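Down below are the structures I want you to see.
Note that chain A is present in both complexes that follow, paired respectively with chain B and with chain C.
== the complex of A and B ==
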């Protein structure tokens, strides 16, 4: 048995205390900044056995095994889970070793980390052999992950990533120290393996290093180096992207408690920002990245700027985003970029307020079971409302066209601009118009309207079903009230952001389209469909800036050489029509032309 | 004074030397594309808020250049973005409106 203490553990202990203290205060800070109602909800969710189990399962599957990443990219999945799970197992097994062989030292928390230095055990005992084997095995697993990480740094394309983030200086320090930790551990254990024992990895290494380097003078310096590498990693961790390791463990319970972002910098948003691993998956996903100048406006850079408190850039990035939600769809930890941006926009003070007190429908609202609300965007594309009306007549539906002569806005554009108070005021007025029609079904042509009517208006409470025309028409076809004939045209269907990612409607429009045409898929579709870039989400992107983005979205759509493009959003339709070589129509127009 | 049954309208003369065009200059700084406006009125034609507050981006730009108060017009804007979509000159009118509301300063005695 060696002594209980050696000065080389001091750097490790210092780093460990620092990082634990930092995380402890961080947790306290984040929970403290939650609104009171959210805080209570979170604390209650912790003692609820269902959510508690879900928390444990999600933390295990996402933080250690990285299941989501495996599904997306197995190579990256292996790289991350080998480091995370391997390291976790090394720590757990280290504690097990101490528990079994030196139970008296369990209170010294550096003991399991430097176990091989402090304890000399032979592998004679079966337990020892198994544990030594497992320790070596997991060390090998971690080392394989580190090797992949180093290769990825040089050749990210081999890992399917076209663009990755540029790490900051501190990120580099953290990364190099992380890379150094495990080879140094291997070397250090190799030097002591003839005393402390080992298995297939470190025993042969021990023969080699002793053969070449001979004396034991190297032993202590390598343990020092290992401890210092650990210490450097832990000291820089809070200020680098590696903060995502502890942060995600808090993010998961907060998300499972059902909280939403109320402030862009505090509470839930803060933990999301800290959980961003800076992997850069959102860079390739973001429709704005089609233009190289926009790469620094993706969510990963927003998170970085929020951490650096660079107010000017935060505002620029927040205002530019198209709010299509694709970064959220591909994000491995579930950072909700658009919601953070919307919260950021809502902080802005406007000198001029709004006044919608006199807002009314320009014409008296007709009464019918089905109320058709075209919305602002459909009024600019009258082809769609005509087609919907024509189909409703053909199916013999009793309907009223609420905003034939113009109406009010649904409020979502105001909401996306961060003007929540004004949006609520306007929504109240629009709600009155809808209720005045005494309808049972509210039929919408615009996914932007659809989403807010569904999410914010609470019309279900009034017994009103909110439905998008793609779903409604599909139901009519299913019920046999519309009988479209088939054509030979091959359509590609473009998933509008607000209808697909926003409201989860992917199947009905496709099934509807199949009743009258052939359907081909875009290269990226459904959750990963590329925004047309006409979105109202972006405040600052100008007309000229959007051209390149729309063309990139069109290239994605036409990868299978379709004859025409069908979509279910008036805004997508007008945006694509500007630059498309092939016809672009709304799904209602397609069906109307075949019935 | 003899009552003729009508009064003389208040003069609508604007002395450009006296008006405050700081907001107009700020607008040009934020959205330089405004210079390309050819006053075609597409934005006015499609405006959702026109019946509510007489909103018209064309008029807003015009009024700002002459130092006329735009607050009543803007108050009805719902930011629906139709004006941006129809603008043949590609002016980001929605951002223009948001910036005006942001940098607007209440003036005394106008």
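== the complex of A and C ==
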């Protein structure tokens, strides 16, 4: 038995205290900045056994195993889980070793980390052999992960990533120290393999590199190096992308508690920003990345600029976004880029406030069980409203077109612009129109309207069903009230952002299209559908800027050489029509032409 | 008013002796060491030293501004349709229908980034006034409205024409873009616009709406440009060597340009440019 302290543990201990202290303070800060209602909700969720179990499960699956990454690319998944889970197991097994062989030292928390230096134990007992085997096994797992990480720096395409972020200087320091930790541990343990024991990895190593490992003079410096690598990693961790490791463990319970972002820099948003691992999956996903100049406006860079408090860039990035939600759909930790941006936009003070509280709601045209509300976008595309009306008549539906003579905005564009107060005022007026129509079903042909009516208007409470025309028409076909005939045309269906990612409607429009045409799929579709780039979400992208993005979206759509494009959003339809070589129709027009 | 027919007849008589191929297009254009070889769709090949491109413009497809309802509602027509009707006198959308209110929308597909064209088409303002007056003459009881953003009446006597339209014909000019066109329950056309002078939104029911579709570059011009690698300018029209003093010359040797293939123009401008181009060619051949 050796002494139970050696100065080389000091760097490690200092790093450990620092990072624990930082995280403790950070947790306190984030919980403190939650609005009181949210804080209560969070604390209650922690003692609720259902959410508590969900928290444990999600932390295990996401932080250690990285299941989502496995689904994206197995190699990428393996790389992350081997490092995270392997390291975790090394820590757990280290503690187990101390518990079994040196229980008196359990209070010295550096003991499990440097166990082989302090405790000489042989692998002769069965338990010891298994333990040593496992230690070596997980060390090998971590080392394989590190090797892959090094390969990934030069060959990111093997890992399914076309573009990744450029790491900052501190990120590099963190990365190199992380890479150094495990090879150094391997070496350090190699010295003591013949005394302290080891298994299939470090014992052969000890034999093979006798020249170095056999010389005791090299031993202490190697343990120092190991401790210093750990220390450097922990000291830089809070200022690097590696902060995502501890942050995600708080993000998961906060999300499971059902919180939402209320301020772009505090509380829930802050923990999302800190949880961003900077992997850059959102760069390839972002429709704006079709233009190289926009790459730095993707969510991963927003998070970075928020951490750097670069106000000018934060504003620019927040205003430019199309708010299509694709970065959120692909994000491994679930950072909600558009919502952070919306919260950021809502902080802006406008010199000219708008006041809609005095606006007069137009009276709805007629009263009927089914109220069709075209909304501004369908008013600008009368081909669609005509087709919807024609189908309603063919199916014999008792309906009224309530904003035929004019309506008001649903409020979603103002909401996306962060002008919440104005949006609410407008929504109140629009709500009056809907209620005055005394309808039971509110039919919408615009997904932008649909989403906000569904999410914010609480119309279900009034007994009003809110339904998008793609679903409504599908139900009419199912019920035998519409009988479209099939044509030979091959349509590709474009998932509008607000209908697909925004409202989770993917199946009905496809099934509806199949009743009257053949359906082919786009290269990227459903959750990963590419925004048409006509979105109202962006406050600064002009028409000229959007052209290239729309053309890229069209290339994605037409990869299977369809005859025509069908979509279920008036804005997508107008945007694509501007540059498409093949016809673009709304799903209602397709069905109407075949019925 | 001068009739276009007479004008064309007069001009063709002035160049009697030149070979004119009607109903013929250019199939290919190739650069030779000292000029070009042109193969026509009628099979004739011509070797020449200089070429004057005067392939003109294309009318903006009004269907693209779907909010104005062209192709969706029967009572919506374009300036070209109306001009046709003036000349041929038959169009089911106009004939035999009562005309109490007629609207003209200026700047359809011109000065409109959303439609992909930022340029002013120059002739629509005065054409709208001309067509409005003609309609008033044909339907004296009809009320006629022109919806405009600005009136750009730069040409000789254009402003007088505008004043006459108001004074003598009682045509209403409303400053404000039309936001959308819809149908009321009884099937008549409803136009929503904003009267920016009074600051109020406005709704009018119309019997006929005429869209003043603007000019865009003729797609066939781009084909020709492709054959000789001539440049297209950022506005989509052909690029001249210099937009101020050399608009009739291209960057390619022996290739000259005239008329609306380089940008939107009126007839007097086109004719003046054509004459200037011919003179430049004359000097070029003498060199």
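The rule is short, and it goes like this: the second predicted complex is superposed on the first by the 584 of 595 C-alpha atoms of A that agree within 3 Å, B and C clash if a C-alpha of one lies under 4 Å from a C-alpha of the other, contacts with A are read in each partner's own complex, and residues count from 1 in each chain.
Basically, a contact is a pair of C-beta atoms (placed from the backbone, for glycine too) under 8 Å apart; a residue touches a chain by one contact, two chains touch by 3 or more.
Keep in mind that this is a model prediction, so the values were computed, not measured.
Peer 1: Would chain B and chain C fit next to each other on chain A once aligned, or clash?
Peer 2: Partners clash after overlay.
Peer 1: Can A:499 be said to touch chain B (first), chain C (second), both, or neither?
Peer 2: neither
Peer 1: Pick one for A:443: touches chain B only (first), chain C only (second), both, or neither.
Peer 2: After superposition on chain A, A:443 lies in contact with neither partner.
Peer 1: First (chain B), second (chain C), both or neither: which does A:408 touch?
Peer 2: Touch status of A:408: first partner only.
Peer 1: Please indicate which partner A:348 is in contact with in the superposed arrangement: first for chain B, second for chain C, both, or neither.
Peer 2: Touch status of A:348: first partner only.
Peer 1: A:306 contacts which: chain B (first), chain C (second), both, neither?
Peer 2: Neither partner.
Peer 1: Thinking of the overlay built on chain A, is A:577 touched by chain B (first), by chain C (second), by both, or by neither?
Peer 2: Only chain C; A:577 stays clear of chain B.
Peer 1: Does the superposition put A:365 against chain B (first), chain C (second), both, or neither?
Peer 2: The answer is second: A:365 touches chain C but not chain B.
Peer 1: Applying the document's definition of touch, where does A:102 land relative to chain B and chain C: first, second, both, or neither?
Peer 2: A:102 sits against neither chain B nor chain C.
Peer 1: Determine, for the superposed model, which of the two partners chain B and chain C contacts more residues of chain A.
Peer 2: B
Peer 1: Figure out whether A:388 sits in contact with chain B (first) or chain C (second), or with both, or with neither.
Peer 2: Neither partner.
Peer 1: Would you find which stretch of chain B runs into chain C in the superposed arrangement, from 8-16, 26-34, 44-52 or 62-70?
Peer 2: The stretch that clashes with chain C is 44-52.
Peer 1: Touching chain B and also chain C: which chain A residues?
Peer 2: 379-380, 406, 542-544, 574
Peer 1: Across the complex, what residues on chain C touch chain A?
Peer 2: Touching chain A: residues 64, 66-67, 69, 71-73, 113-114, 116, 180-185, 190, 192, 203 of chain C.
Peer 1: Under the stated contact criterion, what part of chain B meets chain A in this complex?
Peer 2: Per the stated touch rule, the residues are 33, 46, 48, 51-53, 71, 74-82, 84-87, 90-92, 94-95, 98, 100-106.
Peer 1: Per the contact definition, I'd like the list of chain A residues that touch chain C in the complex.
Peer 2: Result: residues 365, 379-383, 386, 404-406, 542-544, 574, 577-578 of chain A touch chain C.
Peer 1: Which positions of chain A touch chain B when the two form their complex?
Peer 2: Residue list for chain A touching chain B: 319, 348-356, 358-359, 362, 376-377, 379-380, 406-409, 411, 413-414, 417, 419, 426, 534, 536, 539-544, 571, 574.
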